[in-house]
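Consider the two complexes below, in which chain A is the common component and chain B and chain C are the respective partners.
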Partner chain A sequence: MASQIGNLISPRLLRALLPPLSLAALLVTIFWLQPRTQSYFGLNLLLNLAIPIALATIAQMFILCVNELDLSIGAFVSLCACITATWLNDTPLLGVLALAGLVGVYALLGALIHLRNLPSIVVTLGMSFVWLGLAVLVLPTPGGAAPGWIRSLMTLKPPLVPFPIIAAVAIAGVVHVGLMRSAFGTVLRGAGGNPASLARAGWSILRIKMTMFALAGFFGALSGMALVGLTTSADANIALRYTLLSIAGVILGGGEFVGGRVSPIGAVIGAVTLALAGSFLSFLRLNPDWQIGAQGAILILVLALRVLISRGEARR
Partner chain B sequence: MTATAPIVRLDGVEKRFGAVRALSGVSLDLAAGECLGLVGHNGAGKSTLMNVLSGVLTPDAGRVSIAGQDVTGGYSTANAQAHGVRCVFQELSLCPNLTVAENARISHPAIRGFGWRGQARRLIGNKLGEVFPGHGISPNDLVGDLSIARRQMVEIARAFAVTDRPARVVILDEPTSSLDSVAAGLLLKHVRRFVEGGGTCVLISHLLGEILDTSDRIAVMRDGGVVALDAARAFDRRSLVAAMGSVTEAHGQADAAPKRGTAQPVVRARPLKQPDERELTAHAGEVVGLAGLSGQGQTELLVRIFDRAPGTDVAGPVALVAGDRQSDGVFPLWSIAENIAVGSLRRFKGKWLLDEAGITHFAEDWRRKIGIRTPDVGNPILSLSGGNQQKALFARALGSDARIVVMDDPMRGVDVGTKQEVYGMIREQAAKGRCFLWYTTETDELRNCDHVYVFREGIIAADLPRAEMTEEKVIHASFREDA
Partner chain C sequence: MTITERAALLATAAALAFSAGTSAVADTSDKRIALSNNYAGNSWRQAMLRSWEKVTGQAVADGAVAAADAFTTAENQVTEQAAQIQNLILQGYDAIVLNAASPEGLNGAVKEACDAGVTVVSFDGIVTEPCAWRIAVDFQQMGKDEVLYLADRLDGGNLLEIRGLAGVFVDDEISAGIQEGVDETGKFEIVGSVHGNWAQDVAQKAVAGILPSLPDVAAVVTQGGDGYGAAQAFKAAGRDIPIIVMGNRHDELTWWKEQKDASGYETMSVSIAPGVSTLAFWVAQQILDGAEVPKDMTVPFLRIDQDNLEENLANTEEGGVANVEYTLEDAKAVIAEASGS
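And then the complex of A and B:
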């Protein structure tokens, strides 16, 4: 009987349940510490900064899916935020062109990394300084203003369910359908699993890498826009910590560094979990300086659980 | 079906990898409705030829035409797929992170649009049921969770499945190596059905029995060329083996006195699966060869000897010369001297720091002894050619205090001149009392060995002293008697 239940709850299912369960555990603890967070307003405050992080995490997930790593996503989101708070607000056409151009540059980076067989860590680390420098040029001192429509979108107050929850579900849903369910998304993921096999079946790995990098650039730009919509102004350093947050979010959500094993739903859940870690500390009345440490602790805890599950699987 | 015009014609196809000539002017016709068996020893060029046919490699010279159309210029994998040429590669080429149905989609771009998952599931599910009834694979299974045999079945079914493109030529490269006998039988039956329906099949296998039973014609390859091509009826096991190997006598060299029977062996080891009492023994001063087709358990046994795993009896320190230089051999960021000295670092331990001058002196000494071509051992290891990198790895092993040196096919991709130098070095060191265990896939190299063990399917299949060792015997033992 026990073994039957053991077979029913397969290690794979357990592993898939781990991210939502850790998020639930964190939420329950926060509700217990501070019951007022359960209100509409409370949830809104608690979760709205998770949206740009979730978008950046999705961007990172596209890169990880093809066995690369993006160390520039934080600086890139900062640059997009600066452009959103200045050009997109003042001269929308220039702003849109600039953001579209940046997405194009991302696609070209993918091509460069593939064609020259360069380590993506090196290329993106270098690019992070370029993005940061451009951000300082666009917006030398913190300031700017959020375009009205982004501001009103991000402060939307739909009935019953707070906007951040709707947005998180929508992001996870759209990317899940596109990457995990569609025929083309399958090819994109296959390139992470076995690129040689894709090439033999006649697919262009170059095109796939460029697509994935362009998608990462697109979601990075969305992240910057969403961030400005919440903060109403920008700063060249506004999102630097997103680089590591996004990587941690993907991994926390069940993704892996190699092999094309990623999960958009998991990535969004991972991002929200990490975003909540900060609030969790303030409810514990601990110094927010410990925030990064706490995020690290959560990461270690969840990954340790995952290793335990995998070991159980190997033993069977 | 026109029986006269060949569906595929290869005309004088040549392919080189650096100094190695993998294909030397191969001409071959494939007719519709036939199964061609392709046999040959390791490195005879079978896989290279099939890679050319499936568009993975571009030939350096010669022409490829399909259905009377010259496709040499700009021939690619996409192109080959469109012409109906499918290949089941020796190393599995499925994406482990996708499901069975999703993998079917990868090689069948026609499956798309709304409801593609259902289409893909039906396509692969039906074909699996047709080729391997009772396979027990669900199209929703993640490929990474399947056993090797089931992955192979999925890949085979995927190659035979038809969407908008025809499956005209299906190449099967060692398809039965990971299948059990029942599944292998089902596959070969399917091959016959496919061929009788007008398809063309190329079957590469080292199981001569299945080649003889399934093929209409058989081509034998050796040294990058087709050396025999005839109807399958015209061959039997013996004549195939004879055609595969040059049956030259083991020339000279047999003068070394047998060192067996006089002393205690320094290494004794039995493969885990060995059913009988055979074991590998090696004595001081001996060069012992591990032969057979590649991947038959030779490396595993060497690693077990190196690890002194249970079941092995090893007297004295062991050093390993890796075959896969890039992943197991060199430290790519280190200098030549550091790469050589790392095998005996203890010797250079000063009070606190390593003795840098001593390391350089030691490496310089070995550079001269075995002729590593570099002006300065302080140069990075990657500044050397592949052969010279391998020499540095030999220097690492020989420079250590190891009495036993195990070598895992160390001459892969090394040019002939360097090989001769290394052979000489090995003999010289053996004469000084060192013991060498040498796994090689090149039959020629076995002539440097005092004793040869032939491996097949993880066990020792033959145990040949120098005096009895001929290429024919080695090849004979490499292929299963009943197959």
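And then the complex of A and C:
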């Protein structure tokens, strides 16, 4: 069947259309299940927690793009959230320095993984405990307060279009232009696709990996700040779930574990889809024991569709 | 089930129906209340959910409220529960009864609920957002009560403290209460402290590990869920069984009963009844009904002593926790007490 459709539309296009179509299908079902969500207020509540997830997913996408995997992003976002709720609020300069320092550490991690040829899974898994430990040191008991400007940004009520939608479009747009349309972005992606030829062409793979890891750290920090803007205070364990959500988001949005094949717009859509899947299951009144399984089933369904399309692509 | 048991059950059911029947207030008969729960993976939480189902099911049947649905997050995570609360707002509930994953991390979502006109009542795991109501447990007092009981029984001696899960505020509170009791009575010394994580197997391993290094232990102060494990460790080490304070779990009460029958062993047991969820339910109903309710309330402990052990053990299901379910009258009493102080 996939090949029949494939004859009508190119599989490549179909593949690109799959993430937005799954999101649209999910959104329509939610609107039908719970009409209250169609309002400005409803969309705001439905989508606002997807923004930090989308930022974390973009961070993960940068790592996946260079053939690595980050298992520490959830703990890292938690740490950034704790710093945002404490230092950034009390002594902004110290907070900014700390967050910038963390982005620097991320870049160094990229260098370490590249130079020593270490498996990123092991390095980042180890770092996740370091991040978590630091988060507990910064904020031993849950608390802190969101800086006023972040809080007012995240609770912004612009006319007509709810803020989460504007934010999602802006994140996807900026990263898309930077990574997919610019010349440097193409080089960055190339390091994931074919590092050997890039190195022979005179590019420093080390510098590229450091850039990508630094970008991941930067978006991880943004994710933590956005999360605190929504929750008003932090907790050392606040975002641990983001590690798996971000990986699933990238893959759901059309990315692949083999480097170079990523899509920023798809990643944001994937993150929003995952966030909505939770709401969808909750509106269905599904027994919580089944919810994780059902969330997995949605993921498998979308990925299975993609495999079908890819087969169509291969046959041509 | 024996005839007397059945009669007792019928009597309780009748009493429940009666109290709920008279309390069916027309004002809240169209209101919907949701339970947002962050975790269901232990016997205490399972009992909590069963109590909720039983009491609110009756309340809905009597027309006290229109609906009282329970929601548990699939994973015990702050972000999941925040999303769940926002979903409950969208589903149009009038009140959310909340057992929170974090005292601070949900404040944003709770504020959204308050702004949307939803009443939020937190219990057990409470939230600090000022617009929400809190039914808190005085864990510190619970720890202190244990030492005060021991002070009545003993002239002094060494204590072994079994703590809960490190880094959780409940553990800090109970431990602080125990310390306070020790300082106040001035006749005990805590010679050892281990983390039992509120689980019998962990407690048993931890106590077995520290026992060889300890002098004579007169009593063991615990946090609940760890007393049976401690007893097993003492038995395996061939040492005299000290007074072990229990935590209302079925295995602990059963062991206590066996020892009591065999050798007249005496101790006490204290914990929070999982039925506190039903207290929070009635408080939420009272707030929706327009009653003046102070924002901070304290829930009473469920304490079991030597003379009411059999009765409580009979009412506790295997693998469960001793429980009481609260009525509207209990909720009114708790509200009145909080208003008075």
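Heads up, the rule we're going with is that the second predicted complex is superposed on the first by the 302 of 316 C-alpha atoms of A that agree within 3 Å, B and C clash if a C-alpha of one lies under 4 Å from a C-alpha of the other, contacts with A are read in each partner's own complex, and residues count from 1 in each chain.
The rule we apply is simple: a residue touches a chain if its C-beta (ideal position, glycine included) is under 8 Å from a C-beta of that chain, and two chains touch if they have at least 3 such contacts.
Bear in mind the structure is a predicted one, so any value in this text is a computation, not a measurement.
*Asks:* Can A:239 be said to touch chain B (first), chain C (second), both, or neither?
*Replies:* After superposition on chain A, A:239 lies in contact with chain C alone.
*Asks:* Check the residue A:275 against both partner chains and state whether it touches chain B (first), chain C (second), both, or neither.
*Replies:* second
*Asks:* Regarding the shared-chain residue A:260, is it in contact with chain B (first), chain C (second), both, or neither?
*Replies:* A:260: touches chain B, not chain C.
*Asks:* First (chain B), second (chain C), both or neither: which does A:192 touch?
*Replies:* A:192: touches chain B, not chain C.
*Asks:* In the superposed arrangement, which partner chain does A:202 touch: chain B (first), chain C (second), both, or neither?
*Replies:* The first partner, chain B, only.
*Asks:* Does chain A have more residues touched by chain B or by chain C?
*Replies:* C
*Asks:* Go through the superposed model and pick first if A:34 touches only chain B, second if only chain C, both, or neither.
*Replies:* Only chain C; A:34 stays clear of chain B.
*Asks:* Figure out whether A:20 sits in contact with chain B (first) or chain C (second), or with both, or with neither.
*Replies:* Neither partner.
*Asks:* Please name which positions on chain A make contact with chain B in the complex.
*Replies:* 12, 181, 183-184, 186-187, 189-190, 192-194, 196-203, 259-261
*Asks:* Within the complex, which stretch of chain B touches chain A?
*Replies:* For this pair, the touching residues of chain B are 54, 56, 76-82, 87, 89, 93-98, 102-103, 105-107, 109, 111-113, 116-117, 142, 145.
*Asks:* Residues of chain C touching chain A in their complex?
*Replies:* Residues 40, 69, 71-75, 77-80, 82-84, 86-87, 89-92, 102-109, 111-112, 116, 128-129, 167, 169 of chain C touch chain A in their complex.
*Asks:* Report the residues of chain A in contact with chain C in the complex, numbered from low to high.
*Replies:* Interface residues on the chain A side: 34, 36-37, 41-42, 45-46, 48-49, 52-53, 136, 141-144, 227, 230-235, 237-242, 275, 278-279, 282-283, 285, 288-289, 291-292, 295.
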